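In the two assemblies presented below, chain A is common to both, partnered first by chain B and then by chain C.
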Partner chain A sequence: MTEPYVRLEALDMAYPGHHAVKSLNLDIAAGEFIALMGPSGCGKSTTLRMIAGLDKPTGGRILIGGRDMTEVPAEERGTPMVWQSLALFPFLSVEDNVAFPLKMRGESPNARRRLANDWLDRVGLGGMGKRDISQLSGGQRQRVAIARALVTQPSILLLDEPLSALDAHLRVHLQTELARLHRELKITFIYVTHSQSEAFALADRVVVMADGIVQQAGPPRDVYRAPVNAFVAGFMGMNTRLEGTVTGRADGMIWLDCAEGRMAVPDTVPVAVGAVQSFVIGADRLRLLAEGMAAPVGQPQVSGKVVGMEFVGSTQTIFIESDTGRDFRLQRLDLGDDATLTPGTPVTLTWDPRHAWALPNT
Partner chain B sequence: MTEASLPEISAASSPPGGRGTRRARAALPLLLGLPVALWQVAFFVLPLAFLVVVTFWKVRNFRLAPAFDLANWEKVLTSTPFQRALVYTAEVALVATVLSMLLAFPAAHAIALRLSARARGRWIAFLIIPVFSSYILKVYAWQVVLSPGGLVNTGLALLGLPAADLLGGTLSLNIGLLTLTLPVVTLILTFALMGMDHSLIEAARNLGASKVQVLTQVTLPAIKPGLGLAGVTAFLLSFGDYASPVFLTGSNPPTLAILIVDTVKSGSQWPRASVIGVSMLAILALAFVLVQALTQKRKTR
Partner chain C sequence: MTGRILRNLYLAALALFIAMPMLVIVVFSFDANRFPALPWGGFTLNWHREALADAMILSAMKNSVIVSLGTAVLATVLGFSAAYLDYRYMFFGKRPLMLAVAVPPAVPVTILGMAMLAALSRTPMFGTPAGIIVCHVAIAVSFSMALIRLRLGELGPDLEAAAWNLGASPLAALWHVVIPFCKPSLIAAFCLSAAVSFDEFMVAWFVGGVNETLPVRVLNLLQGQVNPKINAIGTLVLAISLILVTLAQRFARLGGAGKETA
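Presenting the complex of A and B:
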C-alpha cells in the first residue's frame, strides 16, 4: 500500500470497566471504501467516533493525511459523519440543514444556498430545500444527511450504521447510491455496520472486529473464503465447526479422524500428524441427503436430527444436531418440503470436502 | 354498517361487545377527568368572569351595586398612578426575567449536559425543594438579612465599614423576585436541555461548529420552546408578585399588585381594583401568546 490516508496507531479506548478498543492498528488508503464490521459492542463505532474526534482515545495516535489529529478538536478535523439517528436539525429547513457546515465556515448566504441546492439536486432532492425535515420520508432524510456531510467537499466521509434504520427495500436502494457517490467522489469512505451484506456489497476492504480487536482485514472475498479464526468464520456464516486428530496429508488435503468419521479438508495450514485441527463449513455448502441415499464417493456423511428451522423468504435455515452432539447450520433454497423436516426428523448431511476450511491454529 | 365498523375492528383489542359498552369505555377517561374540569370552572373560570363583570359595577355607600358603567375603566386607565405602576411593574418584571434567564441558563446547561446522571438527580432535587418552601417566609428572611440592622449591615459594622442601604430599592426587589423565579426558571431550562436530542450537539461539532456556534446555532434553537416557557414563567411570577414589593421595597414605588390592594383598602373600590386585575391578566395573556407565537416550532405553510 502507498502512503495511507488514515493511519490508526495503537489506538486504545478504555472506559471504566470496559475496554472498548484495544491497541488497534489500521491503515486506510486514500479513496478506499472500508467497512468496519462486527457485532454490537465490538468497538467499531467507538473507533469511528475517535476518528471523528467525538471520543478522545486513551492511547495511540490518529493520523489523517499525514497530520496527527489525536489532539485536534472534532470541529477542526473535517471528518463529516452520517449518523444512524441522522441527527438532522429539526428547527432548520432542508436547505439550511445542508448549508449548516458552510455557515459554520462563514460562507456567504449566496454561496451556501447555491452549494446546498447543488447537493440536494445531486441526491435527488431538488426543489425540496424549503421543506421542513418533518415533511420528508425516512429515505429522503437519509439523503439530506448525506448531502449535509458532503457539502464541504471533504476528503473523507464517516458513516455510522447509516442504513440500519431503513426498511430492506430502501436500504438496497441507498446502498447503490452510496456506491455511486463513492465512485464519483473518489474520497475515503469509512463505513461502520453490523450487516455483512452491506459491508460486502460496498466495501473494497472489510475489517472484522470483536472485543475491541481487529480479527481480520481484507477484501470481502478473502475474508469470506478464508476466515482466520472461529469468530470470523461464524460471522461470515460458517457456523458449523468440527475438529479431529490429524492422521495425514495427501493430494492437497489434510485427513482427520473426527467423532463423525474420517474427514478431509483442503491443506491450507501447517499441521503435524497427531495434532488436533478444527475446520468450518459454510451453511450454504451443506447438503441434505435424500432418505436412503448414500453420500457421493469421497464425501463425508453425518447423521443427526432436525432441531429447528428458520424461514427467510426464498431461503431457509435448518438447524441440525448430529448424533455426536455437534450443531450444524444448513442454509438452502426453499424447496417447499418444510413439512417433512419437523424437529426430531432424522437426516443425513454431506458436503464437498473442498468447501471445508481449516482454521489456522493460533 | 360493515364499512363504518371496520376501523373499530382493526383497532379493537377489546373483547367484542355492543356499541353502547364501547362508547362507555371511551367515555370513562373523560369522566375521570371531570372533577378537575369542574374545579377549574368553579374556581377559575367563574371567578374570572365575575371579576370582569365587577369592573362595570358601581360602589354606592361602600357597597357594590350591579351596573354597566365604563367609568371604572376610564378612570383607572387614565389615572397617573396606574400608568406609573404599570410601567414600573413591567420594568421590574422584565429585568427580573432577563436576570433569571441569564443566571439560570449556565446552571441548567451544566446540570443537564455536564453532570453525571446521579449528580444531575441531586441538583434537580436541590432546585425543586425551594419551590415547595414558603416564598413569603423567604422574602421575610431577606428583609431581616438586608434591613439596616440586619445580618449584612451587622457584618459590615463588625468590619468597621459604613452601613449599606440595601432595603427598599431595585437591588432588594430583584433579590426577592429571583428567589421566586430562579429555581423555577433553572428547572424549566434544565428539563428543556435534557429533552433535546444530544446527538445534534455532536453532529454540529462534527460539521465544524465552534463551541459558541453550537450554543447559538443548535442548542438555543433546539430548546426555543423551553426558553419561551422559562421567560414567560419568570415574567408571570414577577409581574404579579405582591410579597417582594411589600417586604423589600415597602410598597414604594407601588407595583400593580400593590395598587390593587391600595385601591380596595381606600374606599372599597372593588370595581377599580378589578379593572387593574383584569388589565394585569390581559397583559400576561398577551405576553404568553406573543412568546408562544415566537417560539413555536417552525412550520412551512
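Presenting the complex of A and C:
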C-alpha cells in the first residue's frame, strides 16, 4: 500500500462507563471512498468525530497527510463534514451558508459570493442563493450542506449518515450524486452509515465495526462473501449459520458432520479433524427444491418448514426452520408463488457447497 | 355559537378588569378637572404639557432613560454570558451560581432594596445612576438569562460544532453562529430588562439618593399633594412599558417558534 492519507493509530475513546472506540487502527488511501458501517453505538460516528477533531481521543494518534492532527483543533483541520442533522445555519441565506467556511478563512465578499454560487450551480441549486433555508426541500438542504462542506476544496470529506433523513427515492438520487462528486473531485470520502446498500453502492472499501472494534475491512464483495466472523456474517444478512464436527479434508473442501447431515465447505481455514467448525450460507445462495425432487449430487439437502415470508418488491425473503431447529433465511426473486408457501408448509433446502463459507476461528 | 359569544364576553370582561386601573389613569390624564372626579370636565393636554415642563420630572425622566438603557445593555450581556455558561459548560459550583442568578426576583423588593442599600452605601456608587443600574441589573439579569437560555436550548448540539468544523474558532463560532441564532431572544431580553428597570420603584428609591427615577418622582409628587401631572406621567410610563413589553414578547415568540434549525 502506498503511504496512507489518513492513518488512525491505536485510536481510543473511553467515556465514563462506555468504551466507544477500542484501539482502532485504520489506514485510508488518498482518494479512497471508505464507508464505516455497523449498528448504532458501534463507534463509527465517534471515529468520524475524532477525525474531525470534534471529540478528543483518550488514546492513540490521528495522522492526515502525514501530519499528526491529534492535538490540532477542529477549525484548523480542513476536514469538513456533512451532518446527519445537516446543521445548516437557519439565520443565514442559502448562499451565506455555503460561503460561511470562506468567510471564516477571510476570503473577500466578492470571492465568497462567486465561489458559493459556483458550488450552488454544481449541486443543482443555481439561482437559489438568496433563499432562506426554511424555503428549501429536504433534498435541496442536503445539497446545500454538501456544497458548504466542499466549497473550500478540501482534500477529505466526512459524511455522517448524510442520507438517512431522506426518503428512499431521494436517497438513491443523492447517492448517485455523491458517487459522481467523488469521481470528479478524487478526494478522500469517509462515509458513516448503518445502511449496507449505501455502503456497498458507494464505497471502494467498507469497514464493519462493532463494540468499538473493526471487525472487518475490505472491498464490499469480499466482506459480503467472506465474512471473518459471525457478527459480520449476520450484519451482511447471512443469517444462516450451521456448525459441525470436522471429519476430514479433501479436494479443497472441509467435510463436517452436522445435525442436518454431512456437509462440505470450501477449505479456507486451518482446522483439525474432530474440531467444531461453523459456516454460513448467503441468503441468496439457498434454493428451495421442488416437491419430490432430490438435491443434485454432492449438494446437501435440509428439510424444514416455512415460518414466515417478507415481500420486498422484486425479491422475497423466506424464513425457514429446519427439522433440527435451525433458522434459515432464503432470498430470491419474487416468483409470485407466495400462496403455496404459507407458514407451516414443509420445504426442502439445498445449496452449492462451494458457496458456503467457513467462519475463521478467532 | 352562544358558547363563543359567552367566551368572548368573558375574555373582554377579564381584560377590562385587569386594565381598569390603568385606564382610569389614562382617562383622567386628559381630564380638564383639577381633581379626578366624575363627570369628566372635558379634554385637555394641559397636564401633559405641565408635566413635560417640570424640570424635576424631566430630570427624573433622563435618569430613568439612562438607568433603563444601562440596565438593558448590561443585563443582556450578562444574561447571555450566564445562559451560555449554563448551556455549554459543566463546572464545580454551577448549580449555586445559577441559583444566585435566578433568585433576586423571588426576594421581596423591600428586603432587596434594603440589602442593596446596605451594600452600596459603602461604595462611591451610592446615590448615583450607576448604583441604580447595578442593582437593576441584578434583578433583570435573571429574566434575561431565562429568555436567552430557552433559545439556546433550541440551538441543537450540532450547529456550533458545525461552525468549528467549517473553520470557525470557538470565538468566531460564538460571534457568527450562537449570537445570531440567539438574536431574537437577545432583543427580547434587552426590551424586558429595560422595562423591568423603567418600572422599578423600590430599589431605585432606596439606592438612588437625590437621583430620582420617574417612579420615584411620582411617589414624591404624590406625597406632596394630589397633582394631575401624576396622571400624565403615569400615562407616559405606561405607554413606554407597554411598548417595551410588547416588543419583548414579540421577539421572544419569534425565537421560540424559531425558524427551523434544519
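Following the convention adopted for this analysis, the second predicted complex is superposed on the first by the 362 of 362 C-alpha atoms of A that agree within 3 Å, B and C clash if a C-alpha of one lies under 4 Å from a C-alpha of the other, contacts with A are read in each partner's own complex, and residues count from 1 in each chain.
In this section, a contact is a pair of C-beta atoms (placed from the backbone, for glycine too) under 8 Å apart; a residue touches a chain by one contact, two chains touch by 3 or more.
This structure is a prediction, so every number in the text was calculated from the model and none was measured.
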{"item": "Joint occupancy of chain A by chain B and chain C, clash or fit", "value": "clash"}
{"item": "Partner chain(s) touched by A:324 [first = chain B, second = chain C, both, neither]", "value": "neither"}
{"item": "Which superposed partner A:105 touches (first chain B, second chain C, both, neither)", "value": "both"}
{"item": "Partner chain(s) touched by A:93 [first = chain B, second = chain C, both, neither]", "value": "first"}
{"item": "Which of chain B and chain C A:141 touches, first, second, both or neither", "value": "second"}
{"item": "Contacts of A:131 with chain B and chain C, given as first, second, both or neither", "value": "first"}
{"item": "Chain B/chain C common contact set on chain A", "value": "52-54, 73-76, 78-81, 83, 85, 87, 89-92, 100-101, 103-105, 132, 148-149, 152"}
{"item": "Touch list for chain A against partner chain B, complex", "value": "52-54, 73-76, 78-81, 83, 85, 87, 89-93, 100-101, 103-105, 130-132, 135, 148-149, 152"}
{"item": "Interface residues, chain A side, partner chain C - complex", "value": "52-54, 73-76, 78-81, 83, 85-92, 100-101, 103-105, 132-134, 136, 141, 148-149, 152"}
{"item": "Chain B residues touching chain A - in the complex, by the definition given at the top", "value": "197, 199-200, 202-210, 213, 217-218, 221-222, 224, 297-300"}
{"item": "Complex contact set, residues of chain C against chain A", "value": "156, 158-159, 161-169, 172, 176-177, 180-181, 183, 258-262"}
